[in-house]
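Common to both upcoming complexes is chain A, partnered first by chain B, then by chain C.
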Partner chain A sequence: MEGPDLTGRAPGQQSLNPTAAAGAAALPSVLRLRALGLFAYPITGPLFALIVIFVVFSLGTSTFMNAGNMSLIAQQSVVIGTLALGQTLIVLVSGIDLADGAIMVLGTVVAGSYATHGDALTALLLAFVVCVIVASVNGLVITKFRLPPFIATLGMFTIVAAGARLYTQSRSFPITSDFLAVLGSGPDFGAVTVTFGSMLWVLLTLALGYALNETAWGVRVYAIGNSPSAARLNGVNVTRVVFSVYALAGVFYAFAAWQALGRTPIADPSGYQIANLDSITAVVIGGTSLFGGRGGVAGTFAGTLIVVALKNGLTQAGIDSLYQQIATGALVMLAVGVDQYLGRGQRA
Partner chain B sequence: MKRDRSSRSRATRGLALASAAIGALATFAPSAAQADEKKFLIGIVELQLANPFFGKLEKSAVDTAKKHGLDVMTAEANTAGDSATQIAAIENMINRGVKGITLDPANSTALTPIVKKARDAGIIVVTTNTSLAPMTAADATYETDNLRAGVLIGQWAKATMGAKAPHIAMLDYDLSDKTSKARHDGFLKGFGVAEGDPQIAGSGLNMGNAETGQTAMENLLSAHPDINVIYTINEPAAQGAFFAIKKAKRDVLVTSIDGSCAGVRSVADGTIGATVMQFPTRMGQMAVESVIKAVNDGVKPSGFNNTGTILITDHPIAGVESKDSKWGLENCWGE
Partner chain C sequence: MISAASALAMHATGLTKRFGHVVAMEDADFELAKGEILAVVGDNGAGKTTLIKTLTGALIPDGGQVFLDGQPISFSTPLDARRAGIETVYQELAVATQLDIAQNMFLGRELRKPGLLGVVFRQLDKKQMRRLAAERMRGLGIHIRSTSQAVETLSGGQRQAVAVARAAAWGRKVVILDEPTAALGVRETQRVLDLIRRVRDQGLSVVLISHSMPEVFAIADRIHIHRLGRRAAVVSPRTTAMSDVVAVMTGALKPDGVVSALLASPAELAPKQRFQ
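For the complex of A and B:
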């Protein structure tokens, strides 16, 4: 009855059940109780980190804390932020998607090349179709053929990245359509532009947050992330829900592709080479557990801002970008460390 | 394939006692129009073909080799800096018995031992696009003089700025990369400023594409709104920087290096003030021809061979030779 684990989780990490949780809560460790109290909400950590970063850069540089730069941080966040929404979904079911950036880039070049001779709306729709199909193939391979998500999406990453280059013959396509690039524009408030892309990012975050927290589907996603076998015992069709997660992630990758065309109006197969790692970084720093079942899109929103603000602030402070990468890496390890610590507490 | 046929025909003609060299000559002499040239296997090792420059370079090398009737083995690095794939490829080429290799090294030191092994086995190895450290680790190198390319745009930028006080931004690629460093140093030399000079407002690392060039330039402009002249590692980065400049509604002189057709079009439409064209086709052709000459005549190639640097701008300055974007469009590479 209990089929193979579809979520790529190692055995022994999936034993969250009510009695174990109660046992953990009863542990006499004052420290752990306090940590659990403070960090019971996964958003606490990332919000705290975000505030610290903003305070430090505001004090450390004269140019960080102004409306223009805040608008810039939002604009620099939208592509990775939108991509990371899809990644969050997948990580919540203990999966991972190494192909998300490549799928998005494929979407941009499909739209960009079609738009050179066709109409922009069709071009965008094509990008959506391509992104959803490729992401669904990931879902299919993972649910039906039982490949671990890491391996399945690693393979897909290589295939799609090479495919995009073959398809374009390594050419890039300037975007001349106002419609395709619309997300990079928006109303001006003095020196500040609030782009439609930033608005879309917020809207998509709210919509996905609603779906995860207020619908039966969302409950199932978290249930599968906590324990696929327990979810299955409770009548959840794990295969179908996990597949839907990958397919829906494809929709977010397509939105990210649209965001990318708005932000940098060139469809370039060599762009966004490490967007997959950036999106995973944003998800993890945002407090979503790589073991699944814990976290959510609010954390990812904050996590994206942390990654972008860190890079923005350190550049403005004139700090070598290699140190920026070290800072980001350290934050990832800190975030995962906290998650491990809390995970042990909860899962005992 | 051709080698197999040649050895078989040698056997059928009963030239078993002849030396390999004489045998090969005897086989080819009666039939071939390009009679006096030896047919051999050549290895062509390139960097990642995602970059159209390397694609053009490889195509030119392969075309030249085929034109001379050679058999060709090709291999490419998967990503920037991927020397492991190139090393494995050269090992395979040595096993397959190539007589010459043209190599676009992913790393100037990591490839040195395997190149030594190949040369010890009597294989001619020339580098293209960039060289090994020391340069003499290979027989010869055919590449753009990137320092000179940097000097050209540096001089152009300095003269075009005139009396205006410069606030320079450097949009670099990883400076541990030899090409990146040479261009960077060349620009500063041509402009006449030293590293660390306060006229350099800041520098932003990017990956040589539009997306990362844009982000780097946005952050630099946010911190230093007075930036008025920039150096960029290549034209995609320049294009990205231009998006940031346009959005910030600033007036900034943009310089770059590469000479791709997209880049020259940016010179024509004023996005880029000046760029330096390099010539990948000439690079591949010269490198392969040098190998052919060495195998046939025993004259080994040597040293640094500049494959050309030409300043492309529609705003020429006195004292620096340049061509306009019209000439550029006729001679550019890529799409």
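For the complex of A and C:
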């Protein structure tokens, strides 16, 4: 009697009003409830889509489902997949990074050019330093000067892409060092190679997943993406956490640069020109909300595989690559549409 | 004299705050007894928010002194006030709706696991945080199915209850609530008011800013009436009628037309230099 009855209600229940529950209007509401129950986990949708894609192509083509092709899909995933890990972090705090691909390319040419006369380890370390510094400048511009992430990183994208070409005078550097290209190789299991790059991708995904889900920093990243003012009022140093997100994303871009050198052992300043859009596509298809605060690296892992497997499967089925792009575009819109429909875009 | 002052959880004298030419607060006094619910009422623009912000470190006063447990204290950030045991529930509900209840309770003050996992791997002690959050909610009579429930699945009143519970859990001395029922329906308002009473009954002092006179008269032990940037009067809802409170608030009635419920005389609390 004394205790107020603040019993928890089922998700979505409060949006049901009694009059709407009657008659024909009830149907969409019920569907909405069902969908919310299952899709309350952001990973459900992408995982479902991934399974559908694998089943369809396994049945539809004879060349898709075999160990060799699975290894290939993993290898085709690592660069965008690693890049997308950094992008996920940024999207989680309601940001976006249009410069991630350009920063990665800068990393590859810095390492590639240094490796022509210096040792490979120093070359790689230089790439890490450069990537983290450039990504941190993004973070600084966004947190200190309060530029919208879209504009700040659009500017950085143009500057870095041009900068990389100026720095190299538009030359490419073939990678001769085994160490720099090591991620493209790996142990053989029969006819199948599992590359170190694939392993690293999985490892990085797990590490970032741990940081996001098991540490205070991770909780704060989600809290900031959800409501920066609530986070601030609770004593979270929003500026510092957002800056750390951009800086840490730079580490992933550097790993992506290393992956790229393993995948194609040439550092080309004009390569990976739409890697930024590909990484955003992987993040969005993976169910991370562009509004921030929802999603995660598991989804991005699945999202990357969806994009790559779709491309791979359609190629195996002999379908024009332009249709592949149409399919990917449709998937992006579907993913964002679902996000909106489930009310995740609502600001509370 | 000493007994009156020692019954106070917090007080302030001569608080002044200007924004350019605008004087938001001038020579305002404040007193909050231990274990009471003090309602702060005033017309729009009377300076309630300025007063509260000064007490919680969100604003630094140009003049005057704040005391906590009789000791002079000055906060330069809201974090200082929190460290001193003063928690605030802001009008714009400061909960992260996509986080769960336990995460919200511990946001900014997360607990890590003991030993290597916590120190080296910085791993959160989720179980412990959920357990403590559940314990705290139960202690305040809030029934929640699970503290791992996202706050967005809760109703407005439940969300407010989470915010109040968080403040009560961390506030060692004072909990300040800025219009906690403004967005709530009648039933939910009742529940939140019950909750506020329980917070007081646990020994905390509560400052409640409210625009709703019936609510103030239902719950407050004393009423601080703010007018034109200063405290006009402090009255008891038992000795003063609602219409008189409104009259003082709007200036229709002089402050000395109501029975004062001040515990300590301004002279005994004032810093000495004011009279030197």
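The rule is short, and it goes like this: the second predicted complex is superposed on the first by the 315 of 348 C-alpha atoms of A that agree within 3 Å, B and C clash if a C-alpha of one lies under 4 Å from a C-alpha of the other, contacts with A are read in each partner's own complex, and residues count from 1 in each chain.
Quick note on the criterion: contacts are C-beta pairs under 8 Å (C-beta built on N, C-alpha and C of every residue); 3 or more make two chains touch, one makes a residue touch a chain.
Because the structure is a prediction, the values reported are computed rather than measured.
**Q** Between chain B and chain C, whom does A:Gln316 touch in the aligned arrangement: first, second, both, or neither?
**A** It touches chain B, and chain C stays clear.
**Q** For A:Thr116, select first, second, both or neither according to whether it touches chain B, chain C, the two together, or no partner.
**A** Neither chain B nor chain C is touched by A:Thr116.
**Q** Contacts for A:Gln340 in the overlay, against chain B (first) and chain C (second): which applies, first, second, both or neither?
**A** In the superposition, A:Gln340 touches no partner, neither chain B nor chain C.
**Q** Looking at A:Asn234 after the superposition, I want to know if it touches chain B, chain C, both of them or none. Which is it: first, second, both, neither?
**A** The second partner, chain C, only.
**Q** Which partner does A:Thr176 reach: the first (chain B), the second (chain C), both, or neither?
**A** Neither partner.
**Q** Per the contact definition in the header, classify A:Gly271: touching chain B only (first), chain C only (second), both, or neither.
**A** So A:Gly271 only meets chain B here.
**Q** Is there a shared patch on chain A that both chain B and chain C touch, and which residues make it up?
**A** The answer is that chain A has no such residue.
**Q** Sort out for me which residues of chain A touch chain B in the complex.
**A** For chain A paired with chain B, touching residues are 61, 63, 68-69, 72, 75-76, 165, 169-172, 193, 260, 263-266, 268-273, 311-312, 315-318, 321-322.
**Q** Which of the residues in chain B end up touching chain A in this complex?
**A** Spelled out, the residues of chain B in touch with chain A are 49-52, 55, 202, 204-205, 207, 209-212, 214-216, 218-220, 222-223, 236, 239-240, 243, 247, 262, 334-335.
**Q** Touching chain C in the complex: which residues of chain A?
**A** 2-12, 14, 210, 214-217, 219-220, 222-223, 225-227, 229-231, 233-236, 293-294, 348
**Q** How about chain C: which of its residues touch chain A in the complex?
**A** It is residues 78-79, 82, 90, 92-99, 103, 107-110, 112, 121-124, 141-146, 149-150, 152-155, 157-158, 161, 190-192, 194-195 of chain C that touch chain A.
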